[in-house]
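First up is the structure itself, then whatever we jot down about it.
Should a chain be cited, it is by its letter among A, B, C and D, assigned in written order, with residues numbered from 1 in that chain.
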Amino acid sequence: MTVMEQRGAYKPTPPPAWQPRTDPAPLLPDALPYRVLGTDAAAEADPGLLRRLYGELVRGRRYNAQATALTKQGRLAVYPSSTGQEACQVAAALVLEERDWLFPSYRDTLAAVARGLDPVQALTLLRGDWHTGYDPREHRIAPLCTPLATQLPHAVGLAHAAHLQGDDVVALALVGDGGTSEGDFHEALNFAAVWQAPVVFLVQNNGFAISVPLAKQTAAPSLAHKAVGYGMPGRLVDGNDAAAVHEVLSEAVAHARAGGGPTLVEAVTYRIDAHTNADDDKRYRGDSEVEAWRAHDPIGLLEHELTERGLLDEDGMRAAREKAEEMAADLRERMNRDPELDPMDLFAHVYARPTTQLLEQEAQLRAELDAEERHHESEGAAR
Amino acid sequence: MTVMEQRGAYKPTPPPAWQPRTDPAPLLPDALPYRVLGTDAAAEADPGLLRRLYGELVRGRRYNAQATALTKQGRLAVYPSSTGQEACQVAAALVLEERDWLFPSYRDTLAAVARGLDPVQALTLLRGDWHTGYDPREHRIAPLCTPLATQLPHAVGLAHAAHLQGDDVVALALVGDGGTSEGDFHEALNFAAVWQAPVVFLVQNNGFAISVPLAKQTAAPSLAHKAVGYGMPGRLVDGNDAAAVHEVLSEAVAHARAGGGPTLVEAVTYRIDAHTNADDDKRYRGDSEVEAWRAHDPIGLLEHELTERGLLDEDGMRAAREKAEEMAADLRERMNRDPELDPMDLFAHVYARPTTQLLEQEAQLRAELDAEERHHESEGAAR
Amino acid sequence: MTTVAVKPATMAQALGRALRDAMADDPTVHVMGEDVGTLGGVFRVTDGLAKEFGEDRCTDTPLAEAGILGTAVGMAMYGLRPVVEMQFDAFAYPSFEQLISHVSRMRNRTRGAMPLPLTIRVPYGGGIGGVEHHSDSSEAYYMATPGLHVVTPATVADAYGLLRAAIASDDPVVFLEPKRLYWSKDSWNPDEPPAVEPVGRAVVRRSGRSATLITYGPSLPVCLEAAEAAQAEGWDLEVVDLRSLVPFDDETVSASVRHTGRAVVVHESGSFGGPGGEIAARVTERCFHYLEAPVLRVAGFDIPYPPPMLERHHLPGVDRILDAVARLQWEAEN
Amino acid sequence: MTTVAVKPATMAQALGRALRDAMADDPTVHVMGEDVGTLGGVFRVTDGLAKEFGEDRCTDTPLAEAGILGTAVGMAMYGLRPVVEMQFDAFAYPSFEQLISHVSRMRNRTRGAMPLPLTIRVPYGGGIGGVEHHSDSSEAYYMATPGLHVVTPATVADAYGLLRAAIASDDPVVFLEPKRLYWSKDSWNPDEPPAVEPVGRAVVRRSGRSATLITYGPSLPVCLEAAEAAQAEGWDLEVVDLRSLVPFDDETVSASVRHTGRAVVVHESGSFGGPGGEIAARVTERCFHYLEAPVLRVAGFDIPYPPPMLERHHLPGVDRILDAVARLQWEAEN
């Protein structure tokens, strides 16, 4: 239609009714990270839960220390420690029902362990053993995900599928501050909001993506502010305050389960150790920053609260430490045994049934191994 | 460090000072799309600018009609019309200085034409002729971009490069509502904000991505709300109100030029025609919706304003139409001539210098063409 | 006995019918992608599915290919069988990280505990006058990614049979649909759709003694035409339709080449690093002493896909195939 | 005359030096990527550049590979010469849409008006005990994308010379850095870095008469070792280091194979659809009548890259190369 045809009939009208698709106000995070410990809100926290969180934090810290030690002994190929982030790891595990799903990144083995996974299974990948050490469906823990943020659409799809099937299942996905810059973060959150999928996104903002500080990662007021751009609520929480993280995540999970859709939670925390054992954090940060965060330690915070309120005494602390030591000793002991891998597994699971090409390659490797063995045997016989 | 080593020294402290990296309030868009025409703000608009916009809108509408007609005559392979969106197209072109860069998508040939590009050059791609019909550097118009949102990081990089070189250049990038769902949108806006690059993003929210309505694309309050998640201002504007779009974009460009960083502008508009000539929009939308938007037509709105205020009379309208018809006649005439393409160009610009592999393939094609020609000649001679 | 109405169907219709039947047979089959619901897809392959099965089973997604494939992975993790549509070949590229890092590896990563029965439909290839990014032949990327099956039909019956098999497969299948054959027709009985074809078997479409044309998808009709034309030159060409690039049917292909002693691989995809190199290499490995000449390749040039007005120069046509056949060192025979 | 200190440098250091010298020579050269600034890169290749040239010339970007490559495209459009680092092979996949749809096509799209002088550095390959996604050999994807150059050094000197050439090139270059050779050493004179090598020339690293090993990057040292070991078996192997996969140096490779009459292609990348197929096919096309046996391939298996504890079974080693050489139908010779 040309403008000529258009004229005459034309009466200007206001644009067809525009209205926001969602009210933005309730989606915006609070001005400051939500805290419980050391605030008035602490009085309302369930003592049983706090004690449980405490035990898990102590065990988690010990787990981190043990895993780090195992890298030094060559028993782990690499370990990205979550020391300092235990409150996030533990709370993420504890808010879930058995039927729910956890989507961890490479840094989140502790969350899997806190959920009940055998630490040796959790560490299989990082040990240099097979890529995944457990059956994800049995534990409802997705494989540890290395390509950043790529696990987020998986969590959305799984939650959506469960919802479509009428199952009352929530997915909780973990991602780092750096991971929020990836396109997959964006696409996942958008799909989740459009589909109103029962999924919770927990960003552990630990200040760094390897060496890159948050200021080079984003100019946003907070990462939680990204939520409004998808039409989901954003929540900001003190990530070292286990009670606060637990409360905020519990609410988000309940909201999702009730059909309210996804939530984005940013937990402000700090990575106390280097990125991994292979990293040298002296190159990009000073001790004073680390020290400032040590003084806001998740275990210390909770321990202080519990002891102040008479919910924890020396005996309780000792008991927690002992349980942690037991776990560590068992882990150490079992990680010191060499895992047994079958080279033939290289071909076993590429497809449901190997292609003829793979069968040929399998035969080749088998022949090589047989030859190697005969060689060893004959060498042995010769001696 | 285990929790054991940690205890004793520990004094709980509040978390190291947290503060928003940006104040979110000024980043949020207004509750309703900004309008000028038909509101009090119109009185302040520059009459000269309004008349110029009017002339361009009339010409733009005629251009859209002519291009659509050319598809029916087989003179264009495909045409994605911007009928109904002329206010966005024209304003985007007019707010830029000559040294600035425009990053159009496949739908934005009109913006390029309004910027001064020869329509035949703008339509080269859509005609089935070579991929880009003009020298992007000469016109500071990037090639029409088909893979959605992929032009956005280019705009950011170019603006950033100009800024680093000390050049006073702004880039304006166009994208559709559908394109905002792509990861590249997210990554581009994030880089832009972190780098404070002088770039303006204009989302033409025309209600659809082919057949998919906005409600299936996003649950956000508005697309402009996405800005806060990157730490840049988001602006919402009536995309059919040329004066309003011009004002909002001008401000954003000035802000960027002054070193204030990027802005995200959402222009609410409507695609009056089908997605392209190949699309059948009856499959996904009713006439009444289209009619409602016709009553809020960008040309009608501006014409009404101008005639009401005595800034435009029948003569002025006729003059605008005549100029538009001239352009259309010239375009029609030139598009009816067959373009001349040299098959050898297939190899000429793959690399700065063709590889030996390409030289071989070039020789092959040349031999084939020579043989074809000899064949034609001998056939001609035989007759 | 009732007489059955045998009427012509296009490849697009056969694909749509395969989706419909799969969805009817198995409630875990979900179709998703851009414009697949209300519109029925830009090629109308999914026409009617949203109406018949509801928008939850045939879903218009947001516009984000990595998101589409990534959420489909999650759905498959939960036990569904997603069938994803990528709108065009080149628009699948944003999903490559999900494809390579997850789709192809999830089963292996979990030692079989978490297979991904996913089908990714990708309209591919040129010859339809499409502007930039609408005519890519991207099969080399898929072939180089272990863990994927790569399947492509060339006939209406195979479009049905292979798509059913792909959806039924417990492994991820990249299902390449030759765009320019969407409107090709064949008669079939709509009450009795063609058989489900096993994935991984090539088929000899034309028997011959002089040389073998090895091809697939959009190039099959061109090769059959070339074989007809070759008769005039005294060549009796055999034509093998691969149908499945992964797994590769070495048996059928090698048997044919051992029989003829000469071979040309024909495809639209670029030559360098394209499928033809792999095919020529493996045929040569297996048939070296039967070969009278090196296996030749007729392929697209090693250039970005050309604009519509030049595409005829790029696409392998009958003449270029015959030229290659002529170069198969026939004099050596006598 | 002063005596020059010749001291050993690692490949990582040579690469760093190449970046430094390029930045010093040309102010339009910009280095960007994840952790390339303050940290100096996870392999320390960019160590010191941010300090010497400022963060605007050596920039820690946000964590988004498509964004990194996409903004680099824009920077190149404005006349800069970005050198992008992808942290690991598998983490380049998110950038593939930008790579395929723009980086490789911009010059062609604009008929040469807008070339993209971009270098993309990609650490690749295995053998370093890396967990999943840290050991991919992704060269097949790059080779199948016309418009890209694909270059990979195997020696310390080439690391310098080829990277300088890549940065100086007016075309986009994917520069593949063999991770497990980062710490390989060679002596050089830091005051007089090695020559800038032209992109596109293969080089014979070892002369021999019996058969040619065609290889590149991480497999070169393995091939040289195999060639030494082969002597004991009476085979005198020639070893060709391709250095550039695109453009491919047919001349050097064919000359060698015509001379020896036998060839094995060796690479870490998977065999099916990998570089070896292309190489074997083109060598066979060019040298058919000189070949005593089909060109064989020794490559990684067609599987996702294995966990560290199994990678030694996957990587082509000396024995596997010698086995292939043994299968080159030596009996046919007599």
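The rule is short, and it goes like this: a contact is a pair of C-beta atoms (placed from the backbone, for glycine too) under 8 Å apart; a residue touches a chain by one contact, two chains touch by 3 or more.
Just so we're clear, the structure is a prediction, and the values are computed from it rather than from any experiment.
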Checklist entry - Comparing centres built from CA atoms, which chain ends up most distant from chain C? => result A
Checklist entry - Two chains share more C-beta contact pairs than any other pair here; which two are they? => result A-B
Checklist outcome for this item: Note: chain C sits from chain B at a C-alpha centroid distance in Å of 35
Checklist outcome for this item: chain A to chain B, mean C-alpha position gap in Å, rounds to 39
Checklist entry - Which positions in chain C touch two or more other chains at once? => result 61-62, 64, 66-67, 90, 93-94, 97, 101, 105, 108-109, 132-133, 146-147, 246, 248, 272, 302-304
Checklist outcome for this item: Among all residues of chain A, those touching at least two other chains are 130-131, 147, 181-184, 186-187, 190, 194, 216-218, 345, 350, 355, 357
Checklist outcome for this item: In the complex, chain A touches chain C at residues 130-132, 135-138, 142-143, 147, 150, 152-162, 164-165, 171, 183-184, 186-188, 190-191, 194, 345, 348-352, 355-357
Item to check | chain A - residues contacting chain B, complex | outcome: 1-4, 6-7, 10-16, 18, 20-24, 27-28, 31-33, 35, 37-38, 57-58, 61-62, 65, 83, 181-187, 190, 193-194, 196, 214-222, 225-232, 238, 240, 261, 268, 270, 272, 289, 292-297, 299-301, 303-305, 317, 321, 324
Next on the checklist: With touch defined as at the start, can you tell me which chain B residues reach chain C in the complex?
Outcome noted: 77-78, 106, 125-126, 128-131, 146-148, 178-179, 181-184, 209-212, 216-218, 278, 283-284, 339, 341, 343, 345-347, 350, 355, 357-358, 361, 365, 368-369
Checklist entry - Can you list the residues on chain D that touch chain C in the complex? => result 66, 90, 93-94, 96-97, 100-101, 104-105, 108-109, 132-133, 140-141, 143-147, 246, 248, 269-270, 272-282, 284-285, 288, 291, 293-297, 302-304
Checklist outcome for this item: Note: in the complex, chain C contacts chain B through residues 34-35, 37-40, 42, 60-67, 90-91, 93-94, 129-134, 271-272, 301-304, 306-310, 313-314, 319-320, 323
